[in-house]
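Here is the structure we will look at.
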Amino acid sequence: MGNSFGHLFRITTWGESHGGGGGVIIDGCPPNLAITTEEIQVELDRRRPGQSRITTQRQEADRVEILSGLFEGKTLGTPISMLVWNKDVRAKDYEEMRTKYRPSHADYTYQAKYGIRNWQGGGRASARETIGRVAAGAVARKILREACGTEILAYVKQVHKIAVDINPDTVTQKQVEANIVRCPHPETAERMIERIKQARAEGDSLGGIVEAVARSVPVGLGQPVFDKLEADLGKALLSLPACKGFEVGSGFAGAEMTGSTHNDPFYSNGKRVRTRTNYSGGIQGGISNGEDILLRVVFKPTATILKEQETVDVQGNPTTLKGRGRHDPCVLPRAVPMVEAMVALVLCDHYLRYRAQCGEPTPDL
Amino acid sequence: MGNSFGHLFRITTWGESHGGGGGVIIDGCPPNLAITTEEIQVELDRRRPGQSRITTQRQEADRVEILSGLFEGKTLGTPISMLVWNKDVRAKDYEEMRTKYRPSHADYTYQAKYGIRNWQGGGRASARETIGRVAAGAVARKILREACGTEILAYVKQVHKIAVDINPDTVTQKQVEANIVRCPHPETAERMIERIKQARAEGDSLGGIVEAVARSVPVGLGQPVFDKLEADLGKALLSLPACKGFEVGSGFAGAEMTGSTHNDPFYSNGKRVRTRTNYSGGIQGGISNGEDILLRVVFKPTATILKEQETVDVQGNPTTLKGRGRHDPCVLPRAVPMVEAMVALVLCDHYLRYRAQCGEPTPDL
Amino acid sequence: MGNSFGHLFRITTWGESHGGGGGVIIDGCPPNLAITTEEIQVELDRRRPGQSRITTQRQEADRVEILSGLFEGKTLGTPISMLVWNKDVRAKDYEEMRTKYRPSHADYTYQAKYGIRNWQGGGRASARETIGRVAAGAVARKILREACGTEILAYVKQVHKIAVDINPDTVTQKQVEANIVRCPHPETAERMIERIKQARAEGDSLGGIVEAVARSVPVGLGQPVFDKLEADLGKALLSLPACKGFEVGSGFAGAEMTGSTHNDPFYSNGKRVRTRTNYSGGIQGGISNGEDILLRVVFKPTATILKEQETVDVQGNPTTLKGRGRHDPCVLPRAVPMVEAMVALVLCDHYLRYRAQCGEPTPDL
Amino acid sequence: MGNSFGHLFRITTWGESHGGGGGVIIDGCPPNLAITTEEIQVELDRRRPGQSRITTQRQEADRVEILSGLFEGKTLGTPISMLVWNKDVRAKDYEEMRTKYRPSHADYTYQAKYGIRNWQGGGRASARETIGRVAAGAVARKILREACGTEILAYVKQVHKIAVDINPDTVTQKQVEANIVRCPHPETAERMIERIKQARAEGDSLGGIVEAVARSVPVGLGQPVFDKLEADLGKALLSLPACKGFEVGSGFAGAEMTGSTHNDPFYSNGKRVRTRTNYSGGIQGGISNGEDILLRVVFKPTATILKEQETVDVQGNPTTLKGRGRHDPCVLPRAVPMVEAMVALVLCDHYLRYRAQCGEPTPDL
């Protein structure tokens, strides 16, 4: 259990990093949505390994195949099964992991829980699992765009100690995609790239922060009290590999604020109720209020590093281990499309839940 | 939908702040657990309003009644229904909210989503809804304690700009309960209490941070890839009223770290595999590794303040509003038992999920 | 687990036959539905004990209280909690069951599964549990009636060996309610009543068959492949106490038919596609086709009889037992509103699921 | 939604009859189960088309590929993805169905619900969808066999008007597999085969009844009140294509019985509580009692027949249609492994649910 996500737009992913491949099933997709393999591939290309000199050099084209659920270019309303074959598998890089646990990886916990693990790579805990999420996210985004005009955008806000403030109202995908680190501020991006290269040269790795904004979200998405929009977004993003924290709107900075500054005053723009500030991050009482949904997620430094580290073997004897296998010195650039996909999956699910209980939502005005 | 939480230890809560009462059903509780009304009441007393001079003065004894699922002091394995009646209801305090939206409350979003709202108080969005969570959490804690020896403890780490570092390995519940703000560092607690009094005097409110630790958690809890332990914890805590962020282990601070310092080296204590540091926060690959689970959640300043604020009425006309109704100038002290309850619910659910797939877990060594 | 039903219109019931009471929570009800306590009570009155001389003489008024989810007579979209207190409890009638298992009751299986049972009556296995179902069913029926014009009607078709064919297209609720056995054919009803009286006089009990029809069901309800409409209806009805079988359309009689007679020819009535016969029972490929949904369920003879029977005690020693406690000599008359409620719950859930995936369905033409 | 089944041993199937292929994901499988492709293939061979002269002549080897979840011959506890490619696809046979609805097929209801359908064959409504069920069922059976010694066996009890009583206690799989119609009574099997050949010659089709028995089922499986074992079995079987009815134990025959004959007297065999008769069909109060679980399901005559039938086209105009495409004149022989698979899936799911709530069940004594 645990390999499905969503209540009405429900995805189930499968696959190990060094098994035959990986994929996803979408159940609950509305019928008659026009979607092409290319529209999905473009998102997978943004997450695939080997896409630039600051990502892992594992070479995977990650070409997606759609096996069911489409007919003459449109969704049937039946399950959409999508698959990507693994190609560039080098199990021998992992021979040492047969008997040793990599620090801060999932080797030990998988072995302890299941009594067995696929030690040829990260197995199910590998970030290759996110292929299915990104493929399904592309479908979710298209539904949201067509039904509500919703636009979802993520970008790198911080790498190690290099951070920048981005205006979420105006940032464009073109700006984000203009450089390989996916930070829409060119000078900062350049510094981040240099910092990542330095980390790679040192055999080390870096953490950082991704910020995401969803614009033109219909008012009313979110289901109190447990499936609040921020709760489902938080779960979605915290389920990404290496994610250690999530915040929405004011987030942790809100701890130091007072109610009189934090409260977002209401006004009317003549068409709908708006707020003058957005410390709420577009969500009040667990329900979207039509303002931009704004959130941030932190990713820890990649666990695989090329330095010798203290660990134990499967018998519990002390030993040391030095990372091999190809890896990302910093997951942030490739995390951007993953974050967007997870936000899209949550919003699409809640859009359908809204329809079920309350009928078609009013589009953004 | 959205009023249930958990997959195997599943709770469903109901009730509005100014309806007849509120309650919870627990479905999936193991049979033959000895539990008394008093054991549940003690947790409710920690969250009830009017418990001290820094909380809301609404007077609710919040006496719990157990209506089903127990027989001769033991659980039957059937649904446990628990109920608390509302007593100190003052709907007239809210008359103005019939036509005006309180900033940063759920008034507007509920009205927009459902086309109707119970304006006599916070309705379903009120923190009174957490009564059911805390009552169910008391049952979950007892299961975990008896089956695994697990202990869950939360405390106030920060109020506004007053923060303190607490040693999660050694802090005790007695220390936490020694003062009304539930910060286990007496001098800091005193300053926090003064700060809260000041905010109340100013008609303002404050945010802050709660930290929680779970000790003696069995190795192996958590279900990759979507129901990772940190993902379910994150969802649980972000579903609490006023919560704006969640982090586990290194959390947001991990952004500025390198892999060589962040990785937790493994060693053996002769009985089981341990880690020398705990930046992972007790979870690796979404699965507990037997170290303390350590997390932090941020609560925004209470939205109700006694200052005049800009807002709109239900027709969208500009107006102003000054909070009435009794309220907490700072939710942190009462949030502590809520946080503990949510952590307990998640761990108990994953304990049962572990049993289903992998049999009885090994207790902590 | 197992005490909830439905995916979007989700009910959770609780309560034991001799505990304080029982109830239900509805989660997912659309907002702004006008509904009164009286509309729910009228259905409960049809299922309550002591309603006639052929039902159990346990005296329970079964007055329902609505504790949440309504405001000024309309649903809020939040959980609707409803409760009925037990009044006429005679635990002493059950003293013997503390140590003996009643044949074909749930005493033994509950004890074996849970290691504990509430032996004061049927506990959770009692038909009193259906109070919550019937109360929630009343809400579901109102939703279906208002949104789609759907009408659901059940009636007793057979008691022991006395059976009658009823025309499902024309039968009315008035005809069904015209007699205490709820068979819409007066002469047959009279014979059934006499047969039930005879069984009671003999200390014995009788089985029988209920037939149900749903008219004006929108085309398109049902979710292939596992949540086919007949599959969800089957589950709903087989979960009723004493139900041993379910069939839809041609049912078991279809075994002896050929395709050329069983297939339902299509034609058009100028407004929509219809079928000339209805061996499909209104469902094709798991999806409603707009024809009447027609189904039958069989109930076994009540397990409680006033004759001495062979059994064992809780130590496994042979003994005998003679039923005490008040009971129905034949559950059929009171099963009618239960069957209607379960059909309504399934259809309402699938109506909301249709809305989520496909938008508002076309009403029947 | 609707393409997943099970709560803890959860399967999700995908695929259309004339798409690229079909498959299944199992989520929740316990780790360390040894299972081979061959063990799964043997079950698929029992359901594959073209297996004998009385089934459809579509030639599909239906070779299964396991894409994930296994490592060195054992389950990992991660999702098991299995796939079968479609080979013998003749879309041109279906050209006429582009514009005409086949009577008693799912063509019309799919079109009405989704506004689109894959008319090249039965699409999602085709019995090819059951490939995934049978493959997953093979895994479930192995779990049950190894953990509890449970054995599941189904057989054809009736074809059209030719019926036979089989002793469920003693029947063997060898007897069932001894002939192509899968009726364990050789003389009756011969008559059934002749009857099916005759129907094929006439271009017609036949219905019938499958009976299934589960032996050595642990006491305690089943979750009151909605997930009673008979309710989940009923749903599972009614979700099979062409199934129109389900009964357990006495079933519909119980309508004509009295309590004094229907009640199953308890006795002790020295090791556990047993019943002298088994009208309960091995389930009491929704929970298995350790006796054989005995059930029957009815399948309607195949909708595809080679006779001209009245129907309408997609514009609603009257027309006629004569079946083409290869098809089974009687689905019963191939339904046997499907029935066994569904029973296995339900029992395996409830076995894991039992473990979660009550620990490891006692094996049959």
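Which chain is which? They are A, B, C and D, in the order written, and residues in each are numbered from 1.
Following the convention adopted for this analysis, a residue touches a chain if its C-beta (ideal position, glycine included) is under 8 Å from a C-beta of that chain, and two chains touch if they have at least 3 such contacts.
What you see is a predicted model, and the numbers here were worked out from it, not measured in a lab.
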{"item": "Intersection of the contact lists for chain C and chain D", "value": "A, B"}
{"item": "Most widely separated chain from chain C, with each centre as the mean of CA atoms", "value": "A"}
{"item": "Inter-chain centre distance, chain B versus chain C - centres from mean C-alpha coordinates, in Å", "value": "39"}
{"item": "Intercentroid distance (Cα basis), chain D paired with chain B, Å", "value": "45"}
{"item": "Inter-centroid spacing, chain B versus chain A (mean Cα positions, whole Å)", "value": "26"}
{"item": "Per-residue multi-chain contacts in chain B, two or more chains", "value": "1-4, 8, 13, 28, 31, 77-78, 113-115, 124, 224, 353, 356-358"}
{"item": "Chain contact topology (line, ring, star, complete or other)", "value": "complete"}
{"item": "For the chain B and chain C complex, residues of the former touching the latter", "value": "1-4, 8, 10, 12-16, 19-23, 25, 27-28, 31-32, 65, 67-69, 71, 74-81, 83, 113-118, 123-124"}
{"item": "Contacting residues of chain D [partner chain C, same complex]", "value": "1-5, 7, 13, 101, 103-106, 108-110, 112-115, 124-125, 129, 158, 160-161, 199, 204-209, 219-220, 222-228, 230-236, 238-239, 243-252, 254-260, 262-268, 272-273, 275-276, 279-281, 284-290, 298-305, 307, 309-312, 316-318, 353-354, 356-358"}
{"item": "Chain C - residues contacting chain A, complex", "value": "8, 28-31, 77-78, 224, 352-353, 355-360"}
